[in-house]
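Look for chain A in each of the two complexes below; its partner is chain B in the first and chain C in the second.
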Partner chain A sequence: MAIPYEFAYEKPQNLEMAVKLLGKYGKKARLLAGGTDLANQMKQGFRVPGIIIDIKGIHEMEEIKMDGNELHIGSLATFNDLLSSRLIKENVNILHEAAGLVASNGVRNRATMVGNICSAVACMDSATPLMVHEAVIHTLSTRGGNSYRIQDWFVDNRKTAIQDDEIVTHVSIPLPAARYAGAYQKLMRYSGEDLSQANVSVLMLGEKQFSVAFGSVGPIPKRSLKIEHLLNEEGISEGSISRAKNMIDSVIAPITDVRATKEYRMHMSKVMFERALLAARERYNKPRVFFK
Partner chain B sequence: MDAFQYIGKSVVKVDGREKVSGAALFTEDIEFGSDLLYAEVVEGSHAHAMINSIDISEAMKVPEVLSIVTGKDFPYNFGLYMNDRYIFAQDRIRFFGEQIAVVIARTPQAAKKAAQLVRVNYTPLPKVLNPLDAIAAGAEIIHPDLGQYAHVPWFFPEAGTNIAHHRKIRKGEVDKGFEDADYILEDTYEVPRYSHCAIEYHAAVAKYDHSGRLTVWASSQSPNTQRNLFAKALAPLGIRHNDIRVIAPHVGGGFGSKAGVTMEIMAAAIAIKVQGHPVKIMWNREREFYNTYQRLGVVAKLKIGVKKDGTITALKHDLYWDAGAYVEYAANVVNAVGLSAIGPYNIRNVSIDSYCIYTNLPPGGPYRGFGYSEFLFGLESHITRIASHLGIDAVEMRKKNMIKEGDLTAYGAHMNPNGLSEAITKVAKEIQWNKKDRSSDPNLAVGKGFALFWKAPAMPPNASSSCFLKFNEDASINLLVSGVDIGQGFLTVMAQIAAEILTVPTSKIRTENPDTDRNPYEWQTVASHVTWGCGNAVRNAAIDARDQIFSLVSRSKFLPIEDLFLEDEKVKCKTQPSFELRLRDFIIQGIQMGDGTFRGGPIIGRGIFMPEFTSTNADPDTSQGGHPNVHYTVGAAAVTIQIDKQTGRMNILKVVEAVDVGKAINPDLIKGQIIGGLLQGISTVLYEEMKFDHRGKMLNPNFTDYKIPTALDIPDEIVPIIIEVNQPDGPFGARGMGEHPMIPVAPMIANAIEDALGIRIKSMPITAEKLCLEILKTNPKTPQ
Partner chain C sequence: MKKISFILNGEKRFIHVEPNEILLDVLRDRMGTKSPKCGCDSGDCGACTVMLNSKTARSCMIFAIETDGQEIVTLEGISKSGLTPLQKIFLEQNVFQCGYCAPGMILSATELLGKNPHPSRYEVQEALAGNLCRCTGYTPIIDAVLELTKKQV
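Presenting the complex of A and B:
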């Protein structure tokens, strides 16, 4: 499908140049990393940027690495990079699990995790895993470096706290010192590639320490301190699961749209919460599996 | 043990190497050089509105725009069975997205930009978005000119209403049949619209050259029918059939969507405005959904009466079809179902009313199964429900009532030879029908479902096929036919038929997709009829060539014709074992006589086929008296599903399907059709769902929100079973089976769900969400 209008295109070879260009054009510019959202939006005319700044040439942003006790995920790391990364699989299995359910193999080859949380569409997969891990988003602009806690990042559907002149360089995930395990559950209409109609991430950090977040059931992903508090008080039992599930009614606010009804989203958020919680516990209690 | 060398063998597809290697060209792949122009469609933004004016002034200012064509330029209507369609909207639009104009430009970008600048002024009209509203008193009339449209003689439009056709069957004494019944089940079933989702988009390129020759390259199932409809629509411009050449390159899937004529007519028409230039119209995925054909939706009211022993005493089936804004093709779907909505059963007392109803939704049209999936959803659900009520096994109930050879159909013709009984027995055995499966996980429920199916080709009574068979010097063959290989393996099967008769291996037979200048006539590649119809034409052409060969050898070698036979590309003689003559030694050059002269010349076979026993002459009030269908292909299918009671997700553990194909010319290709058809059927039950908003605009014209299965969604086990009860008038006994595998899927799954959960779903699709919400409704205490 043709893009029926003109736009300028720049491909900076380093971060400094990219930051300068973005500083110059601000709102008129769109950054191109994977382009899996942007290209579609341009073809359909949802977005008409004056200039595309293609950041794919800034190779330093491709890195996935350990930085002290933090995991560093560069802005150009694709979902398939995440899937094939031993660091991700061993340290943030929940993100690994979510990455494997993003779109199709072809899209995962291009689409980046950072692009996913910058687009901030309610159906994104990466948000809840990053929320339960309390990730931090790092940006750079001509004004200098900046960082956002993930819970402050999402403002509304398709809207984040980022400023027009800022470029996300990477996301960092602080890794807990003690044992932990997580699980991701996603509601899909079939087993093939699908946008999440609801998703749940549960991270278990101790017998009575949990982190829980719900996605695609409101304009922005939602971490629930209320449910965490209950689980942190009571641990996992039939009673606590049942009480926690009842709380979900007041935690999330799903809508009915072309993909699912609010009733099914609500029901499935409860089912998936329980399944994620039990899966997280099972993994927590099992020795961790490493690549050979 | 059969004596066949090529028939019944899973010969490798003759077009396989071309497709696998990337050599195959599809319409979009063909290069047309720098003269090529691009067309972009201006679409209506109301489901029903009068067009007051079209302002193209701003659009014409876009650089590189050559022309903008509107309905004023082509005030012609057309259609396959009824001329109710327009090349471009005239005074009104009747569905959201209908074509109003086309911009022709040197680049696709300019065309698209200009199309967005065309301003259309409308007066909206009341719209009708479902068939029952459309036939209610006082409903807005969508086609005030219905009474003026030309149509085939077997349609009965009701002018002044939204009923474009009404097929009526009356057989036996229905009221008495119900009086005699011990039990009557009456219910309503709903099946919504579906989309074909062929992976290749519709595409057409047309060129009207300075000599007045109109060539159209189109992704098409129906090149001859397209040429015919183009010629008829454009006749006022002085264009004749032989001026038009339609070339069908490889096709990336059809499923009915590329039958008849849809967007291609725009290419043919607008080419005339830019004489000398090829002009291309490419559809995109969105338009594939809302401006080709859609499968019709239906509301089916079904009433069946039975005796205590399960014998069916009467059937009343009223079908209200949502046929869309134009029904030039769809009305025949309605007609076909009207004739066959008793299913594969022997029922004495029958009343069927099948109504083709205009709505302001996209045009309905042919889709694999041609209405049979839709009515069988209700019928086969009903049979199982009645069996349960009577305490009779659902398979036994079917065996008791199934139609047999010689029984009368609803319109009074005799049923053809068939292997329905064998199919039922084999499927029941393979699915272990008598064994109840259970899951050890209390959250998982397992159930089995069974369904029968039948389908006849829906064709005009004189739908015909033809074939030219040309030998080359080395005794290789060019087999010219005008059926289209849409993935089903048609070209391979035609090569096998010729190979068998002429003993030339399929590797030496080149059969390609058609070009109407080069290849002889074929009605259309639809109705699962080409193996049968065109196969007969190929057989006749091969026999014709063989007769010429024997005649030539007989008169030049002085051997009796009746002693000659072919073997391994040689002519041999039963009475003279030492005699053999290689085809390559005379097939073009002829046979030299003792005096140096030659006999013979290039051998060219010619074969035609038209069924000469079909007729649509019948009483319009009863449909008795004619013979509208050539024959039925029948079969049975069963499924084992496992349901997650918390989520509604269904996992198909095993699916078995038996089809009586008459004779399997290529068993692997048949298995491919069975597997593919089952998947397409499963998809319509579990995943696919068209959604329209209150304006009649489709909300999900994309694969993001209209789901078709991926490799991850294939059932755990699929068992195709081939039954072979020969079709007496088929090539080597074959009959068609391409559409059939998807037909029984919906009721089969609905029956399995009831078996597993005791919940009966009476509307499609049956998504996980829908089932889950039903489970919650039925049993609110189900653990969440």
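Presenting the complex of A and C:
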């Protein structure tokens, strides 16, 4: 079905041109990468841009590379690019796991990770892995470069802190110097292809150092310093797991919708938190499992 | 209106498109390429699958204008010189009923076997996921793909 209204289309061939166009059109413009969200939103009338700026001509933004001790993921890297990247698999295993659970292969061939966090739909898969890794989002506009810590990025369901004239160029993930391991858990109705009903990421950075985030259980993904504090004090034990699970009641605020009830989301967030925590510990203790 | 060109099933084609035209509609209604079909119109069902630059993609979520200078292959393209071994085994084993999902299934399985000639059952399931079929229960399709990979040892 054609989009039922007219708009303009530009495909800049470099970042400088894209930034200029975006500076000129501001909020009238939407950036187009994989288009798997944008085309749907435009068909539904949820977005009505006056111009779409196709950024796929800016090939430097396809890169996934190491930059010092940071992993750099360009805005055009698709979920299948993440899946086939050894750098991602070996350094940010949580993100690799999450990428494999996004939609279907045909969608992952087009959909980008940066598009995922820019659409910022509450059920997105890439947010909690990036939160536990304290990723940084880098943007460019005619005013210059800017960066956002991931915890400041999400403002509301489908709303981020980005300004109308900014383009995300890449996301950087600082890699811890010491041993670490993480795990991602996603609740969905059937394997193969579904949006998440709830998801959890746990990163273990030491016997008593953890990072925990919950997704799809509130308008924005939620990292819990309270739970991290408990685990950092007590480490992993039956008692600390059970106390941490009880805390989840006051950390997340799931809603009931067509995909799950709030009670089921709450219950399963606790179950998945424990599973992710134990899986992270197993990988932490047996690094080979991490590189399966 | 912009004049674009792309390689469709090996032939260079030119067409004028508006930015709001979706690739699926252009292929079906203006190029006469009828194998991609409209099912859900939101990227979930796989009926509109085409190969864009050798990777499967959902043509209902692609603006036609984006494909300027790109290469598109549809089911018509992969069977230009007769049925492929995959299509033959699908036919022999009668894996489809209504056939609406068939172009997407065939292209998705073709992409998989191109990258991974000896996939596990899980890998076949994962590659075909997102191609919804309301007739067959999927099993005959998955079995046939695996059967073919055994033949080709």
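The rule is short, and it goes like this: the second predicted complex is superposed on the first by the 287 of 292 C-alpha atoms of A that agree within 3 Å, B and C clash if a C-alpha of one lies under 4 Å from a C-alpha of the other, contacts with A are read in each partner's own complex, and residues count from 1 in each chain.
In this text, a contact is a pair of C-beta atoms (placed from the backbone, for glycine too) under 8 Å apart; a residue touches a chain by one contact, two chains touch by 3 or more.
Predicted model only: the values in this text are computed from it and were never measured.
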Touched partner set for A:Ile3, first chain B, second chain C, both or neither: both
Which of chain B and chain C A:Ala260 touches, first, second, both or neither: first
Which superposed partner A:Gly239 touches (first chain B, second chain C, both, neither): neither
Contacts of A:Gly106 with chain B and chain C, given as first, second, both or neither: second
Chain B versus chain C as contact partner of A:Glu193, first or second or both or neither: both
Touched partner set for A:Gly144, first chain B, second chain C, both or neither: neither
Contacts of A:Lys270 with chain B and chain C, given as first, second, both or neither: first
First (chain B), second (chain C), both or neither touched by A:Asp54: second
Which of chain B and chain C A:Gly35 touches, first, second, both or neither: second
Chain B/chain C common contact set on chain A: 1-5, 104, 191-193
Touch list for chain A against partner chain B, complex: 1-5, 104, 189-195, 245, 258-261, 263-264, 267-268, 270-271, 274
Chain C contact footprint on chain A (complex, rising order): 1-9, 11, 32, 35-36, 39-40, 43, 52, 54, 56, 80, 103-107, 109-110, 191-193
Chain B residues touching chain A - in the complex, by the definition given at the top: 107-110, 112-113, 116, 284, 646-647, 686-687, 691, 699-700, 704-705, 707, 709-713, 767-769, 772-773, 776, 784
Of chain C, residues touching chain A in the complex: 2, 18-22, 25, 38, 41-44, 46, 49, 52, 55-58, 60-63, 65-66, 68, 104, 108, 111-112, 125-127, 129-131
